[in-house]
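Which chain is which? They are A, B, C and D, in the order written, and residues in each are numbered from 1.
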Amino acid sequence: MATFITVSRRPIMGMPFGIPFLLPSYEPVSLESRRNQSSYRRTKQRLRIKPDASFGLSSDKSHSHIVYNPPSSSPSVYHTPTKFLPANDARRSLRADNYANAPAVEELPSVFKSEAEKKYHLTPSDVTEIRKLRLNDPMTWSRGKLAKRFDCSPLFIAQVCQTSPQKKEIQKQVLEAVQSRWGAKRRMAREDRKLRKESWGRDE
Amino acid sequence: MKRLQLQRWSSSALSSRARTDGRLQRQLCSSKRFQSTDATPVQPASEQLAEQQSFPSTTIRRPVRVSKYKLPSPPVQAAHESAKLAALHARLYLPSRLPLETLARCLINPSADRNPQFNNSSFSVLGHDLLTNYATEHLICTYPRLPLSVVFATLYAYVGPKTLAAMAREWGVEHAALPGGEVDPGLLQYKRVDPGTDLSTEPLVGTTRPNEDQKHWRKSINSSVVYDNEFGDPDLAGVPPSELQPEQAQNTKPVTMEQASADFVRSVMGAIYLHAGRAAAKRFFEQHILSRHLDISSLFNFSEPTRDLVRLCARENYEPPVAKIISETGRRSRTPVFVVGIFSGKDKLGEGAGASLPEARARAAVAALKGWYLYSPVEVRVPSTMEEEGAAPWKPVYVDLGEVVS
Amino acid sequence: MPVQGIRTVATAQNGVGAFILQCKRLDFHYCDWAGSSRGMNAFLKHALPAFAKENPQIEIRISPRPHKHPIIKGHYINGREKAVCVRNLEPEQITQKANLLKQASGEKLKRTKKPVTSINDSVRGIWSPYHGGLKTI
Amino acid sequence: MFSRSAVARALALPLEQAARPSFTSTTFRACLHQTTATTTPTPEEPLSASPRAQSSTPIPQPTPLPTKTPTTRADVPASKQPIAPTFSAPLTVPKSLLETLPLLSHQKPHYITAHLHDRPYLVTEGDHLRLPFLMPGVQPGDVLRFNRASVLGSRDFTLKGAPYVDERLFECRVRVMGVDSEPLRVKEKTKRRRRHVQRITSKHRYTLLRVMEVKIKSVEELQKEGEIVVGEDKA
């Protein structure tokens, strides 16, 4: 077990994250104090990185040994995350100590600019109110207007009620009218965007 | 299972060209060929040899000699004269208990010879069931969490008609231009579809699905388990012959090369099972089908990965998934790269990189879902290993709740 | 329909499970008259039965090709064929040539520098700058 | 063929030794430096070309009869010499290795850096391997076993030998697919003041292999074979 920990690369590097310089919080202090490499040869020489030390020949070992050297690559989907393993799987206990130095999740920035607070403030009577408004006058009470009035998201309005077929038909015509004014470039760009979005699901 | 039983079955599946029923129809079928400017029918040179062979059907009356030009498919005796057939037998390392006559019968498609005693239809039904049985048990024991649509796609990739046709090609099976009694029995014999025929236009009738004429009805994936075949396609198998169209019932409909090749491979599997037993059939499956390379992770096509992941976490009582930026570069440039991880509590479920935050998030969700679906137990054992002698006691395999329904 | 399956065909890996010899047919052409076929005729008479018995998976065809040099032609599963002229060769040399055709894969001859070709995904993944440790230069 | 003779020799050792002093074994091992032939499919044994059916019981290697390392030539460096099988003593595995071995063996797939004539080949299961030489004495369809490897690894873990991993810890089988050759090389040689160009041709032939399986034995399998001794951790 001693070899297993000491040869692992992460403690040697002493880095809390995978690549800190890519994070917004990272301050390149150490780089500024370093001397500039003015010659091409010197830069090239420095960039010639040797293979990882764990792959080299270890002369001090007299017998076969196993090292933990996770690769610098994106994770494979065939390796089930520990959380997804069933309770009786043997790998669950084996992996327990491997993630000791994983980055803290709370410190990572979120994808969204602001997390929407979930309020759960609408009552069933509000929902019936929304439905009534939407049914009676679909032209004035659009999704956006209803969302603004009841202080919720337009998605919630769509989940709660459906508009009349006439309104749908009108909206479709409006969309067609807008799309008919698109030129070849815009049309193709929109189609490409759609295709690209579909390819995310196939992981291409 | 006992060997005796196998032989009892095989006696019903195998028979010599002794029956004379349907000969009239066969003559009608081949009369056109007989009228052609072909050479005069020659009697097989090695009749003596054929007579001396102790063929299993000694109890049946000796066959009435028919000119081989009149037969719709090569006579049984011709199997021992074909170099192609013997070479194919040796190339596949088929067991010596499987005679050349059976291999010759496997090469005859129902479209070439309508008589079920001389074509491979019975073998191919058995072989198809064996192939799908072994493939399904392997798949479900190895990847117990796969969703049903991916199970269908994987089975199609392993034992689907396209793969079986490719296998027949890789075995070096050649095709006869036209079936007939004088053709070398080492060639695959079937009636070809006329060139230029559009195969997709034919309406599917006679499926097992009720209300099949309602084209716009939604077909749920769960109904495919009941009504469709193992690839999720409409199933024709369970229909009684009286309800089929007359052309289909007589099996004279021409078939494509793919169908004929796939039927041949299936019938070889069935023939091995009948002649050499279950162990040989399973070994044949492992060697020829399971050894093929398939990346199952490339068979998924998610339409709404983030929504599925939220549902999964809710179902499994995990903390709701949160997307966080692990690293990024060039946010204000033309080619940014974001690496987004999806976390549930403190555990990372998946990770994806993309040129925009929504893309990276969607890819991370796809990776997390694949991580869930592609779980594989440490030691995989399939139920059919229990059929071997001296097998270790059976331990129940991991069974999953089912797919994430939405 | 949350997830759909994509239909593909599993790729063959000859030799991983079953092994199929790629040479499926050998054609031997000879001439009764010409002197260049002398070795070939002796080979057909004496050595060929043993060769055929050793290699039952190869279909063997013999046919005369009058007033031409004798050749051996190998037909392979990938559809290609390979012909070798065996004029004035001794029977032992012809056996060597037949073995050469038998062992060939049928592919077009190519000069390759890398010994290993793989269709598997890389075990340790493809290197990316966004993962793993930071190198100090 | 060879396997049967090897088994026969292992069973009836003294008799065979008297009759034929280990001719086959030594020459064969000398030919294929680091490979050991295990099975040869024969047409008499139908469906016998199965690694799965036969690999479960490893063929007992005959202990080197006149215990001498077979040598091809005197000038071959020691690193290229074949290793004599060291099966006289049971396998010694240090405790640290035994603890981390499940981590490695549970994480699939695996790769192996197998050495043949002291040349490393990094292969995984199903890979196609074209050796840079023609291997003598093998037929298409033969199954060989690589028994010299320096590195065995999975995605996160690497088992490194010192310098080679003991061959009882893993199984790597390859199948001989046939012989390939390269296009004809033509080297043009000229001498000064000689109006003649000499063309020298060469056409090399190579053996094609296919990796059938790469397997790292788990601790249970090693214990089942009864060859495991937990040694002291010297590191």
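Just so we're on the same page, a residue touches a chain if its C-beta (ideal position, glycine included) is under 8 Å from a C-beta of that chain, and two chains touch if they have at least 3 such contacts.
The shown structure was predicted, so the numbers you read here are calculated from the model rather than taken from an experiment.
Peer 1: Which chain pair shares more contacting C-beta pairs: A-D, or A-B?
Peer 2: Result of the comparison of A-D and A-B: A-B.
Peer 1: So which chain is farthest from subunit A, going by the mean of the CA atoms in each chain?
Peer 2: Most distant chain from subunit A: C.
Peer 1: Report, in whole Å, the distance between the mean C-alpha point of subunit A and the mean C-alpha point of subunit D.
Peer 2: Each chain reduced to its C-alpha mean, subunit A and subunit D end up 45 Å apart.
Peer 1: Averaging over Cα atoms per chain, report the distance between subunit A and subunit B in Å.
Peer 2: One centre to the other, that is 40 Å.
Peer 1: Take the average of all CA coordinates in subunit B, do the same for subunit D, and state the distance between these two points in whole angstrom.
Peer 2: Whole-Å distance between the two chain centres: 36.
Peer 1: Between subunit C and subunit D, what is the separation of their C-alpha centroids in Å?
Peer 2: 24
Peer 1: Could you say which residues in subunit B touch two or more other chains, in rising order?
Peer 2: Expected reply: 90, 93, 284, 286-287, 293, 298, 300-304, 326-327, 329, 353, 378.
Peer 1: Please output the residue numbers of subunit C that touch at least 2 other chains, ranges allowed.
Peer 2: In subunit C, the residues touching two or more other chains are 6, 13-14, 16-18, 21, 56-57, 119-121, 124-125, 128, 130-131.
Peer 1: Pull out every residue in subunit A that's touching 2 or more other chains.
Peer 2: 18-19, 22, 70-71, 74-76, 78-79, 90-91, 202
Peer 1: Taking the complex as given, what residues does subunit C use to touch subunit D?
Peer 2: That would be residues 13-19, 21-22, 56-57, 100, 102-105, 107, 109-112, 115-120, 123-125 of subunit C.
Peer 1: Please output the residues of subunit B touching subunit C within their complex, sorted ascending.
Peer 2: Subunit B residues touching subunit C: 83-84, 86-87, 89-93, 147, 149-154, 156-158, 160, 162-163, 166-167, 169-172, 186, 221, 232, 284, 286-295, 298-304, 307-308, 326-327, 329, 337, 339, 353, 369, 403-406.
Peer 1: Name, in rising order, each residue of subunit D that touches subunit A in their complex.
Peer 2: 92, 94, 96-97, 99-104, 106-108, 151, 155-163, 165-166, 169, 231, 233-235
Peer 1: Help me check something: in the complex, which residues belonging to subunit C touch subunit B?
Peer 2: Counting only subunit C, the residues touching subunit B are 1-14, 16-18, 20-21, 24-25, 56-61, 77, 119-121, 128, 130-131.
Peer 1: Help me check something: in the complex, which residues belonging to subunit A touch subunit C?
Peer 2: Per the touch definition, subunit A meets subunit C at residues 9-10, 13, 15, 18-22, 46-47, 49, 70-76, 202.
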